[in-house]
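What follows are several structures.
The same subunit A turns up in both complexes below, where it pairs with subunit B and then with subunit C.
Now for the complex of A and B:
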């Protein structure tokens, strides 16, 4: 692909990844969170495909296919199923309200531009303009984890953060070796499954997925 | 000389086409909702009826109430001279840039909410306070989106922005440009009282904003206000279409180029009006306390637009 189009395309798709992450802060219901996450992973697949088409790396196509299967199809489905069995649909009282969350997301984006400025100055990659966006996705994911009460929402936040890290890897190094990528995928999948088990246990013990209630021990 | 004629033509176009654009949105909306809908020219008939009707003014009002419609209408006329609708370099470009245009639009909002307060009726005050809440939330977004556009074009002059974007068409698809477009689109919905923010079709006291402010008006005053608010909608649509997708705007003042420019402008406005109508059938009105959430989304979009166009060099 022509590098003159590659840089704007990269920035555009990475911005979409970031916006899909921020949409989670804006919406109010768990189904919307899960769909936003699936959308974000889809945009991430587009970024990988753009990088793959420009650099001609074959491994990246495999990575794109794996991300698509795992993060666009499998994980959202599992999340939806757990959501139905647990019966938690609304994130009723987040620790930080929506307009303020959005303002913080904007501030986090600015911070990631400041943090990434030295990296951008050093590198001459055509993708360097998108590096701050990937950092911002990581920060937004972390912010979702700390500002929302429901355990399921926190899992979504963790997955968003993981998307951000993977996006950073693709943008900054054009993809890490396939074997490492496979390891990371298994890691994410296992971590995710363990978390789902935890959500079930929390729900059985406390009758809620609100982590704020996990204050006292029960027998 | 031709330039000045063009200015007059733009003004007349706005005056003549604005009720048509509103009629179109209403008609498409009615069709999508399975109603037959009033004909496209219904707003023109409404205007004629209102201009003929008797004016009744509450005795508790002051001169503000009578001056407001004229000021509002005047603002829209001036703005229609400053916005590049048909050709990019206009003779009056030096008279006002994007900042002037936006704040003239806001001046109209301000005057109208003063007029809503003036008769001292409960509904007017309620409408004014809501309108001001929304305007104060929408304004930072507009300012930021302008900075984003102005910095990439190197000027806040509307003609310059359009000309620069015409020279470099790849910029239209850049992330900053698209996010600024989305931010201004949301602001357009809020400022012109369209659906997720205000429902232009009801007089329900719990939800109305624009209608609450103009409740005391009648006759030709109401006609001026309605006409001005339709013109505002038309101006916002042409700003959105020409600032963000300037393809088709005439760079030279030849009759052929101007004809193409007029056709393309009307086509773009048609597409935007259809998008507004479809959106209005899809979404429900937001609760008033959810409106700040929507507007902070648009603020965030504008902020991201600025960061991705300014901080990356």
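Now for the complex of A and C:
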């Protein structure tokens, strides 16, 4: 692909990935969170495909296919199913309210540009302009984890963060070696499944997925 | 050939535990044998490393053990063997009391062996990406071990652990990606560009600013798993709710495995920008951890949480030591061994105490020396060792760390650390004192120790603590020097 199109295309799709992440902060219901995550993963697949088409790296097509199957199809479906069985639909009273959350997301994006400055300075890839966006996705995911109280929302936040890291790897290095990529995929999938099992167990034991009710051990 | 066999043993034991459908005691015995063989092999491997300096295996040295790896392998194998042999009785009797069933026990041995495998892989993987995958996998294998008993508290502790652990480790991956990015930009892509040995070799050609950012991510990420403050919040819950042998392995071995990952990256960053940057960060986080542990230890109600906070303290001390140049690093490595031996010792005994008194509250335990003389006496000895009294090895390593602190020109920080360890000493001993003496409550059976012989493997811990405390054996000292030389070339 011509770099004249490639760079803006990367920036556009990466921005969409970030926006889909931020969307989670202003929605209120779990189904919307899960759909936002699926959308975000889909935009991420577009980024990978753009990089793959430009560089002609065959490994990246494999990664794109894996991301699509796992993060656009399988994980959102699993999340929806768990959501229905545990009956948790609304994220009521997050620790940080919506307007303030959005302000923080904006601040985190600015911070990302500061942190990424030396990384961008070092890079000569046409994708370098999008690197801060990936960092911002990571920070937004982290913020979702710490500012929301439903266990399922926290899982979505973790997955958003994970998307951000994978995005960073693709944009900054055109993908890490495939063996590491496969290991990371397996780990994330296993970690995600373990988390789902615990959501079920928390629901059975405490009759809620609001982790704020889990406060026996505080001291 | 020792290296691959060492990693294969726990995998075999795990496969056995997963496939076996009969009496779980057979699985327990099998795990005790494989982990015992692993411990002996780790000694043999240390000998091989002393002779050859670096032992590699596989294409492009996929597995690689230098002095630093050898020390970690020793600690992990020792703690795992002790935990799997001494902890067996605690679990078996929990099954006799119907607190756990056979499926629980089989799951326990399956996951514990996988846990051991992932720790060994973390410290022998040459590829920093594979190292990350292995450290992340320790989170997955241990999450179910913490929640083995299905209690509300255990469930809460496991959720906190898996969430904070996964998020932390994800940040460590950002650091890994940034390091790899730096390498690809400056050196170009090669077949083993993520190999630690390759990274360290070309580090002086990398971009310092990017590596500094990468190190901050690595420190926060792996530091979460290492229990360094302020990312330690999951640790007291997880270590106090897990079954005693699991606490023993998580505290004695897993924490230092995470610290090892930080030290590996420190070498790469130091080779590029000098050691001042990483040293300062390590001293800062380490001191903060010791301070947080001291503050929280002052008011404790549970003896298992007390042990957990003591882990935060000791990891903090190791972290400070690693930031104080070659002498401090040597001391930190010796401290890893001493802490591994001492903490697994105490956590395993805490399982017996809990069994006798049915509670983990300090206030419920009275007259331990009278009710359980062996357990009580050993608990006292372990406490003295852990608090850094002579003739135990933690005394030597702590004095070395403080000495390194003064020599490296950090008198204020060192004095502060000495003050904090004194505070911890006073309060920790005070709590143990209350547990040891007094009249045992009436409901505790006055019968003497059910099986003092079961405690026999703990003699190995005591031997390690004493041997390294009176005079560090020459081969061990050579190994520690070799390991410190890896961190400070």
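To be clear about the criterion, the second predicted complex is superposed on the first by the 216 of 219 C-alpha atoms of A that agree within 3 Å, B and C clash if a C-alpha of one lies under 4 Å from a C-alpha of the other, contacts with A are read in each partner's own complex, and residues count from 1 in each chain.
Operating definition for what follows: a contact is a pair of C-beta atoms (placed from the backbone, for glycine too) under 8 Å apart; a residue touches a chain by one contact, two chains touch by 3 or more.
It should be emphasised that the depicted structure is a prediction, and the values quoted were computed from it without experimental measurement.
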item: Superposition on subunit A - do subunit B and subunit C clash or fit; value: fit
item: Contacts of A:172 with subunit B and subunit C, given as first, second, both or neither; value: second
item: First (subunit B), second (subunit C), both or neither touched by A:109; value: first
item: Partner chain in contact with A:205 - subunit B first, subunit C second, else both or neither; value: second
item: Partner touching more residues of subunit A, whether subunit B or subunit C; value: C
item: Touched partner set for A:85, first subunit B, second subunit C, both or neither; value: neither
item: Partner chain in contact with A:122 - subunit B first, subunit C second, else both or neither; value: second
item: From subunit A, separation angle of subunit B and subunit C (C-alpha centres, steps of 10 degrees); value: 150
item: Distance in angstrom between the closest Cα atoms of subunit C and subunit B, superposition on A; value: 18
item: Contact residues common to both interfaces of subunit A (with subunit B and with subunit C); value: none
item: Footprint of subunit B on subunit A - complex, ascending; value: 4-5, 8, 11-12, 14-15, 18-19, 22, 26, 98-99, 102-103, 105-106, 109-110, 113, 117, 120, 129, 132-133
item: Subunit A-facing residues of subunit B, complex; value: 170, 173-175, 178-179, 292-293, 296-297, 299-301, 303-304, 307-308, 311-312
item: Partner subunit C, residues of subunit A touching it in the complex; value: 115, 118-119, 121-124, 135, 138, 142, 145, 151, 154, 158, 161-162, 165, 168-169, 172-173, 176-177, 179-180, 183-184, 186-187, 190-191, 194-195, 198, 201-202, 205-206, 211, 214, 216-217, 219
item: Contact set on subunit C toward subunit A in their complex; value: 127, 129-130, 132-133, 136-137, 139-140, 143-144, 147, 150, 152-153, 155-160, 162-163, 166-167, 170-171, 173-174, 177-178, 180-182, 184-186, 193-194, 207, 209-210, 213, 236-237, 241, 301
